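Got a structure here, written out as structure tokens. Questions coming.
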């Protein structure tokens, strides 16, 4: 694999009043990596994802995607460059059915929207249903998503992110809210779905260390806005800082 | 120089009654999420009730100074009578509906109240002008102002601070904040949500009514008084930011001053002054001057 | 086994459409409806055809509002485009001697859209009540300007004569009916256009914007573009409606742009709901009928009657009249 | 103390619970286990009165809850931690915890606050921060604290461990375990057995709105 | 027995209801009643209209011009009324006139003030049975002149809509002719229904002028008087009001003394002495406990004119109900006596009435507990109305050519 740097964050700083949400964040992600972002609550993981995707502007620092500076861009422009994300709290179109949610994702992905072409046309539906099926969402496709249980919504959220066939995918706590016995199959599903899109780079925020150990090729651990570890899972999870602040294996004194 | 002082005084006195009325509007929106078109009708009700009460007070031979008390009582009576009727009897069936739908509900209420006030009080005008002379006149330079106008500024300040203090500095205020955020959470905490709605709505009506009651001495109370205040008070709360007390105060001052400047320097522009100010403010602050804190979404 | 084959056939295909097929059906439906309307109008008494003409003209404005409502915003100032359409048709008629009904209607629509276009990017930033109020402010400024324009009759407005149709003069007796045909014809065409637009990919994205803008942006869709387009579309509908109403009415005045006028358009749009385009015209007609009869039979309390009617509809048909026959989409 | 007998609940026409039953005894810690969409949240919301069962009964200390207004639950000592935290963003952490104490007579604010700070000392440091600034996990802690503040008799915890980093979820586990043996009963809704297995005295597993089996742990 | 159906449209709600709409409708009700009983004095003493019972249908004018056109069509087409008498608002008049014309139905505009209706259009079926607004302000200026009141400077406060604009211009032009040296000062244009005039009053007081002119009416006028009175505006300047008689009964002692005002005709306290007027005054006062002001007078004069025209047309039609054309032919160029004096359909090709008017000065009579009008001066129709061949604006600007009989 060529060691092409796809995403680089250099010297990111972000404060909210007195709270430091990001401090001296330097990260380089190579294409094809599966990176897990871990950290205690409030460590700055979501903030990091938000800065990469343009939702938050860092106070200082620079983010480049494939060599191109994306720091000033808005979420839409960054999405159009092939970055997709899912959300800690699913962001769906509550009054629409699951299928329609997917159709919207499809439609938005098309470069040119049409005034004439029906949204619910056969080939679009087929494409959407394929993905829904892959995520086991097929039976829910005609239900209003506001009525769907939390875990299902989570999956749908991720399925929508995948519709845009991204080269970089950021998942914010994909398995939270998903029942225990489904967490692993679900990560398998996601990763399998990704496998088909060639070499999608994935960053995922995760609290379950077993999943991290199984699915990540690299772990970045956050604490109080700083990166406290950045290594392959086995090594990262073994550092004192991570054991103290993240997994709680070492007790805080 | 004298011109400037006149502009200021005129702007502030105009702002005072406007603030009282707009305060009620913004409060009701803040708590119940209803932008109440019928607010103008409550204003009219206050004015009519004041006419009836002051007339009654005069017939009971109350001292002239007590007519102010009669006006206050009128506003209380309107709030005590109308709030339960409209809130319990009508609005609660529409809670949680779309904001715009609720605007229409209150529009329907406005239509109904127009005819109801006409049926109750008839079409003939009422005058309550006795209290207007209570405070004598105050001379400022070339101008002679009616003391009552300044008394209204005082009333606005008192009412405004009372409501502000109640919402920001008391436990009741915090409780209202919880209800504003989510009625389900509030109920889970043990808050009697309908009572808070009712209370906020009653206070809102009271503010509209007291605005009407204390304006009554300067106007002739007759059909149609409701229409004029609606749009101006809307403009005030939009400029200030919906649901914000500080916003209503600043909005009322801006509207009052803008209008005063227009009348004194370019009377032809009076008709649009308010809307132009509103458009300009929204241009730079899409949600008004005092925006509500937004919860984190992602 | 393919899981989809387990589903009952009706569910899999409900809501799905094959390209062209649905459009064909919609067009046929529209033509049928228009033919029916034309026949009914011929037989109906004059007051009724006039009422329906007005309802159709006003309904066009509300149709534009529905387009915006689908994106989650409600303009409280559509009176502005209504007035622009009306005034431009009337001025063209009086000052330029251009009298063709269809031409005037189209000009009204196009001019209204042209005036609205520069505001569209600005307004696309606003949501909720603030969008409503900013449009209201614009319409009230327009109202104020029209009030001041003494050359346009100030607050009293002015009259225009009888339009012609495709070069033909309209005889006294049938003017009402011809204008009825022209207006309902435009209404049918615009309803058709709106239906196709609402069902298109763009139309679906509009619905998504209402639900969650953030997500639309994160999927690469442009919220502001969607809003702007809807705004311009609504302006066109509004201008068209304004021009048509003015031609039938023979009179135009600044109250066209007053907030109560705008309020009624919004009311019709809400009454109709956002699902069905036909419902807009039904709602518009229902409102006119209720208002007309209550003002005839309760001259002193017609507002009370109208208010009660409104409450009744909002209470029992919260998703609009359209929800009576559009059960499919949404909940 | 809490007894749910065969309740049916529909949300906007969608049937979410069909004949669910469950009991929580005095001082017991009970798990309500089910996959996504099984009806856990619905059950808790029905107890809190946000949803009304079309059939069946919910009793608390023998009193039928259906006859009581929604806000009466807190007065009877039921604390609720909703799935989505439900903090009031404008209020500070401390105010979020205190508001329910204020509105329920019979609770001593100082006492309840002291209890909360003792059990969750990490919250004391952020007591003056507005809730809207907290991260998801931090909000979970505050929500738990708020439930504790009024929940003198029964706590309803909806997925307390969800989205919480391991270190913190351990803390939460400790806190909940610490309630054992006190007079407070706890009902924990969870899809994840890992956290609750060690904690609960008994568990009810539900699927598609109905009981699958009830077993003592 | 055949009935004659009359649609009567006026403000039953909204801002013009109290001052104009409802008093006018009240007037119509008792008058129709008296007609049906044959109780009116001669020549109005035939029961109903030439023996046909009059049936009145009342409609609210509130709601805008579009609604009015629609309701007008409903009245003719659905309710099958024979004539419509109505409309206070000039905008409504402008809108409904062509609609009636197109339907070839008979329409009487009884109140609205704009001169434009018959100056800009020619109608066959539409009539206005009252003078248009130019008369009011011409008379005011003439009154000032005749009484030798000092008018070196004058301020203006008028509502910001056509009525206010037109009144202001008519007054300013008249002043230019009659007081060439007079200088206009403040020109305030509060919006219709403003209710609060503190700022405007300050502006007027800042630049005090000899005369302050206003065409405010209704609630706006009352609020203005209530607010300006205590601030001493009426003492600093001679206030002249073009259409203010209707606020006198209500305001009573709150009406400052010495205010010069008109009633848009010789109405109310300024009405001429006549048997017909006495009858009408008593009829109205007994029914409503207040004397009639301008609105019921104007309604009465239109119904009286309509009655004579209808009877003439019925006679011409051999006792049967006349067609709109026959009605129009009968009313065109006709003349009749009203409680406010002689009404002559002299202008606008026989479709626009001219009438006399009067101006007076207020004085509160504590004994009678009512405002009286002193120094009343009467202006014959030909003195204050333009001749048939001239538009009001041209006429005033040309220095009132052909004005006859001015005091």
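For clarity, chains are labelled A, B, C, D and E in written order, and residue numbers in each chain start from 1.
Here is the rule we use: a contact is a pair of C-beta atoms (placed from the backbone, for glycine too) under 8 Å apart; a residue touches a chain by one contact, two chains touch by 3 or more.
Listed by chain with UniProt protein names: A = ABC transporter ATP-binding protein; B, C = Branched-chain amino acid ABC transporter permease; D = ATP-binding cassette domain-containing protein.
This is a predicted model, so every value here is computed, not measured.
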Pair with more cross-chain C-beta pairs in contact, given B-D and B-E: B-E
Maximum centroid distance from subunit C, chain identifier (CA atoms): D
Averaging each chain's C-alpha atoms to get its centre, pick out the one most distant from subunit B. A
How many Å are there between the centre of subunit B and the centre of subunit E, using C-alpha atoms for each centre? 36
Centroid of subunit B to centroid of subunit C, CA atoms only: how many Å? 34
Just the number, please: Cα centre separation of subunit A and subunit E in whole Å. 75
Whole-Å distance, C-alpha centre of subunit A to that of subunit B, is 48
What are the residue numbers in subunit C that touch two or more other chains? 147-148, 214, 300, 302-303, 331
So which bits of subunit A are touching at least two other chains? 46, 88-89, 91, 147
Touching two or more other chains in subunit D are residues 12, 133
Complex contact set, residues of subunit B against subunit D: 171, 174-175, 177-178, 181-182, 184-193, 293-296
Subunit B partner, complex, touching residues on subunit E are 13-18, 22, 160, 186-191, 193-196, 198-200, 202-203, 205-206, 218-219, 222-223, 226-227, 230-232, 247, 250-251, 254
Where on subunit C is subunit E touching in the complex? 45-47, 50-51, 54, 147-148, 150, 153-159, 162, 172, 175, 245, 249-251, 253, 255, 258, 260-261, 288, 291-292, 295-296, 299-300, 302-303
Subunit C-facing residues of subunit B, complex: 35, 90, 93-94, 97, 99-101, 103-105, 107-112, 114-116, 118-119, 231, 234-235, 238, 242, 268, 271-272, 275-276, 278-279, 282-283, 286-288, 297-298
Sites on subunit D touched by subunit A in the complex: 11-12, 14, 34-38, 41, 83-84, 133-138, 140-141, 159, 162-171, 191-194
